[in-house]
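Following this line, the structures themselves.
There are two complexes below, and they share subunit A, which is joined by subunit B in the first and by subunit C in the second.
For the complex of A and B:
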């Protein structure tokens, strides 16, 4: 209670006594003490006055005609409900049994005749203290209930706001299974999945330190960054760097976010993984073999940009391989005896999964069996992504509806990146952004991104870095390809990649011309099998070949110049 | 037997202190009230209702003690016990004693009032 209890404050006191003289004495005594008095000559009158007058305290003669004091006390206590109204019996009763009956009827104490001024004053003060204490307690309890109700309401509102930012992305895709409570964001867990403009998926699982609103607030910028960047074509590594930098800036020192980023490329059958502080991820091969993917980084929101390493591990996969991500909540699930599920629990569940059983089901069943009758849920997030054929995925929606704004229709633009920047920066999101200013192209963001990334990767890897694509098709070559790529990127000198765009409106829509030039040696496009074959069937997943097939399928025309180091593409779009 | 004084001077002094101007009215109220109670006692005795007799005696006792008439209070206590024990044979003498003592108390209060006002 905010105000101190004022003992001497006037109280409204109900007295009931059938003796007129006694009532007169008591009434006068109480008035002299500064209280307001309601008086009744029997039990019935007392109850009626209690209803109409709502007194703070009641003094009742035990024996009265027309409803005696005991009955009146019971009725008054019933009417008072949760309100604490002390009922004191005035009595010259002396038998223990009689006194006990008074207490059973709801009496809180006694006052004996003859009246004694000092005694009456002391008793009233004592019972008033008790009343105020009870009032303070029940006020606090009500306040707590109210605060709790408010908190829950706020959480639901916050959850709705969060859902608008985070939505479920492509978590409902047929190759993703997950368990995440709708309110798990308040235990600090987040789970996002987004398709990439050129195909493939990004999945991010995070676990913020702390609970409640602080943990949930950190989740907002992460969600916005993830979905915003993923839809613009940034890769997992770019997004991790951005999230890390943002969290370092906004989170207090003792708060950070453990997380795992997963980048799946279904056409290359390749997974990229980054784990900073979360429990081991698990790669479960279609054959049933399991490999753990331990954390190799500090959580997000700790290191400054120059110390932060966003390099992702690259894993070759086959269709049917599955990757499981989880937050601490999985390891912390406890049995009825209080034992934690732990890493052994996960390992056992994954490794002992029956053949044909989905590892996600195996793990969920194991957790359920382990925790028994205890509930688990809000602070446990589990996600499983399955590698599939790109064709196996239903087509992604065609982006946003065209804007009513006309946007630029006639423009040219040249963008060139040079030297070390080639190894440090991907121009694709920026280039995509420029093209997306044209409303007609916005619906085609996937195709445009694919065109640009094929052109750029081809120019970089085969033109500038001169990496032979054949390397990628053997397990040994695969590793060599990527380590060589990193090594060569760090030594790039005297090179550039230049994009020239030209967009013009047509009666039927618009035409985008993209010329991509690089400073490399070019390649023998005259003899390239794909460029010569009339049917586009491929004998294997030949990367360069696949890229060219894609370009041919998407573009109106494609022309190679100068030993293939200049590619000229025309892309038409229709109203 | 009963050896308490008709009036408790000390208690009355305190009552006068509390009641101030209303003291006289209080005494009048008590006297009117008491007459009614004596009538109730007689009625209960005639009806042979020992429970009503005991309860009335109990209440009467309380007001006597409060007003400062201890001897009458003590007689009421005896009457309450007789009623509780359903000892109706002893009712007439105690009723008689109560009526007599009430006369004494009334006179004593009368003298007190005269002194008080005079």
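For the complex of A and C:
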């Protein structure tokens, strides 16, 4: 071979010419250039060879018998479809109109007879470059399609995993109404709700900076932390601390999560709220009055643990009061003229809600009316929690799946917290955790948590801190109670609360004995109305009536010693 | 370019002025502005007098600047915000991290 192969190796070239001599010359020439040649004597043969041989490039004589070059070119281009196969006409034609017809038929260029080796080589190389470029572009396009398909599929699978972790918890409870983004996308918004072991609920709404996978990845540990801690009895404040710390550690500096935590206690009729960076929440009283609850904190994931403030605002409520939470998608949704709904829109909707109309409906209707759409953007989350009687919610499902492992059934332990720790740490989740290790007892976590928290809160607030419980039952006293509680917690030197547990298995289940002692003054249990009367009385000097009633109802027996600073409870449970 | 930088008269502060929308599209330019602002900068001023809008990714960029400028020791002022911009900064309680005036 006297010529090196062309730039990208030999090409398979189809030639069609009805002149035997011309065809032979061309064929020889191309072979010398290093190419493979398929040759046809007319258009029909050319099309057939194109089908069977799949050449890279076609050289066609314009005028041939049995289908001329123009027809053949059209057919070949049709067969090639998306594949770029340059078709070059070889012709002695020189009229502009004839040449134009060749191009219209699908031709890409011309070569004139008689053949010139240098011109042919250059032309073939040029068209081959074009072919390769086209090939590269379509490969890239196909690759992008494929990658995009993979990405969507991965997002879909990730979303499934995410939904399992960030399941909706108790969002379907009768006292919750919500609108959240559709399941097919990660919008950066999250909405979780969980019942608390002793009754009550926690709701968290969050909005991560950014969309897509980064937001979802940040949301995963938030969901895990929220549901894990909520089912173990941690309160909203503890969970916020933990979420913040986790996010500070894992998120890049420019990512954070705006959020609102809501802790509802239906027995005490109180709400605790923490808002960091989300739009104002709204408390809509049963009477129709509305109060805004503005963001008072930096979003989660910015401040280090020692600067982070997880204190929640405490609000006294009545049954029928409702709290609305939203992400900024609500404020940002726009009318057809491009005006945002804004805080004004929210305020107007909440305040002008017709009497009897649910504020959630009022707000949703207002947004639909304003935007003129029935469906909204992906990152619009709206949630409304209603304060109700605890009894109405007794059918809520348990938060987490039970472990199948065997655990201890016969054990004792003593746990005492002292001094400053009294003000800084709640031992309840830990104590509940210890009890929940007993196989079968997990089903009773709500009752156990109630027992423990009543014992602990009474020991702390009335025993150690000597706060009179009747304060809590007047609006003025309510604020005083909690400010006094905070103040006195810093003066607990010399104090302690001690829990002693003893669990033993029984044929029918088990018996848990809990003794709770504190360093306080005790109370006059002998004359306490709840303990004296068979009727459930209202309140007493140390134990709020309700707490004591609960203890009496849940426990097999309850005894007081040491002027009431030591309570001894026996709790029987059955398989 | 919607971002301009200059030094204050005493040369101690780097003033970064943002025009139009302060959002993800200005990410690289904003970053270049403070990273190429010189090593002797003591304070930063983000001048938002011509900024019409600010979104959460802009808040993220401000946090990046704060981190670059020394975290808790950073001295950064955000100036001349319009009402909408100020509202967003207030909701996020960024006055705890930046001097807003």
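Just so we're on the same page, the second predicted complex is superposed on the first by the 533 of 575 C-alpha atoms of A that agree within 3 Å, B and C clash if a C-alpha of one lies under 4 Å from a C-alpha of the other, contacts with A are read in each partner's own complex, and residues count from 1 in each chain.
Please note the rule applied: contacts are C-beta pairs under 8 Å (C-beta built on N, C-alpha and C of every residue); 3 or more make two chains touch, one makes a residue touch a chain.
Predicted, not measured: the structure shown is a model, and the values here were computed from it.
Colleague: Record, for the superposition on subunit A, whether partners subunit B and subunit C clash or fit.
Modeller: fit
Colleague: Check the residue A:63 against both partner chains and state whether it touches subunit B (first), subunit C (second), both, or neither.
Modeller: Once the two structures are laid over each other on A, A:63 reaches subunit B alone.
Colleague: So, A:28: does it touch subunit B (first), subunit C (second), both, or neither?
Modeller: In the superposed model, A:28 contacts subunit B only, not subunit C.
Colleague: Given the touch rule stated above, what does A:114 touch, subunit B (first), subunit C (second), both, or neither?
Modeller: In the superposition, A:114 touches subunit B alone.
Colleague: With both structures superposed on the shared chain, find the angle between the C-alpha centres of subunit B and subunit C as seen from the C-alpha centre of subunit A, to the nearest 10 degrees.
Modeller: 80
Colleague: Quick one: is A:20 in contact with subunit B, with subunit C, with both, or with neither? Answer first, second, both or neither.
Modeller: Only subunit B; A:20 stays clear of subunit C.
Colleague: In the superposed arrangement, which partner chain does A:89 touch: subunit B (first), subunit C (second), both, or neither?
Modeller: A:89: touches no partner chain.
Colleague: Quick one: is A:573 in contact with subunit B, with subunit C, with both, or with neither? Answer first, second, both or neither.
Modeller: neither
Colleague: Name the contact category of A:296: first (subunit B only), second (subunit C only), both, or neither.
Modeller: Only subunit C; A:296 stays clear of subunit B.
Colleague: Determine the nearest approach in Å between the Cα atoms of subunit B and those of subunit C after overlaying the two structures.
Modeller: Checking C-alpha atoms only, subunit B sits 60 Å from subunit C at its nearest point.
Colleague: Subunit A touches which residues of subunit C in the complex?
Modeller: 56-57, 59-61, 63-64, 67, 91-94, 96-97
Colleague: Please name which positions on subunit B make contact with subunit A in the complex.
Modeller: Residues 11, 14-15, 18-19, 22, 25-26, 29-30, 32-33, 55, 58-59, 61-63, 65-68 of subunit B touch subunit A in their complex.
Colleague: What residues of subunit A sit close enough to touch subunit C in their complex?
Modeller: Those residues of subunit A that touch subunit C are 207, 209-210, 253-256, 258, 276-279, 294-299, 302, 328.
Colleague: Considering only the defined contacts, which subunit A positions touch subunit B in the complex?
Modeller: Result: residues 18-22, 24-25, 28-29, 32, 61, 63, 92, 113-115, 117 of subunit A touch subunit B.
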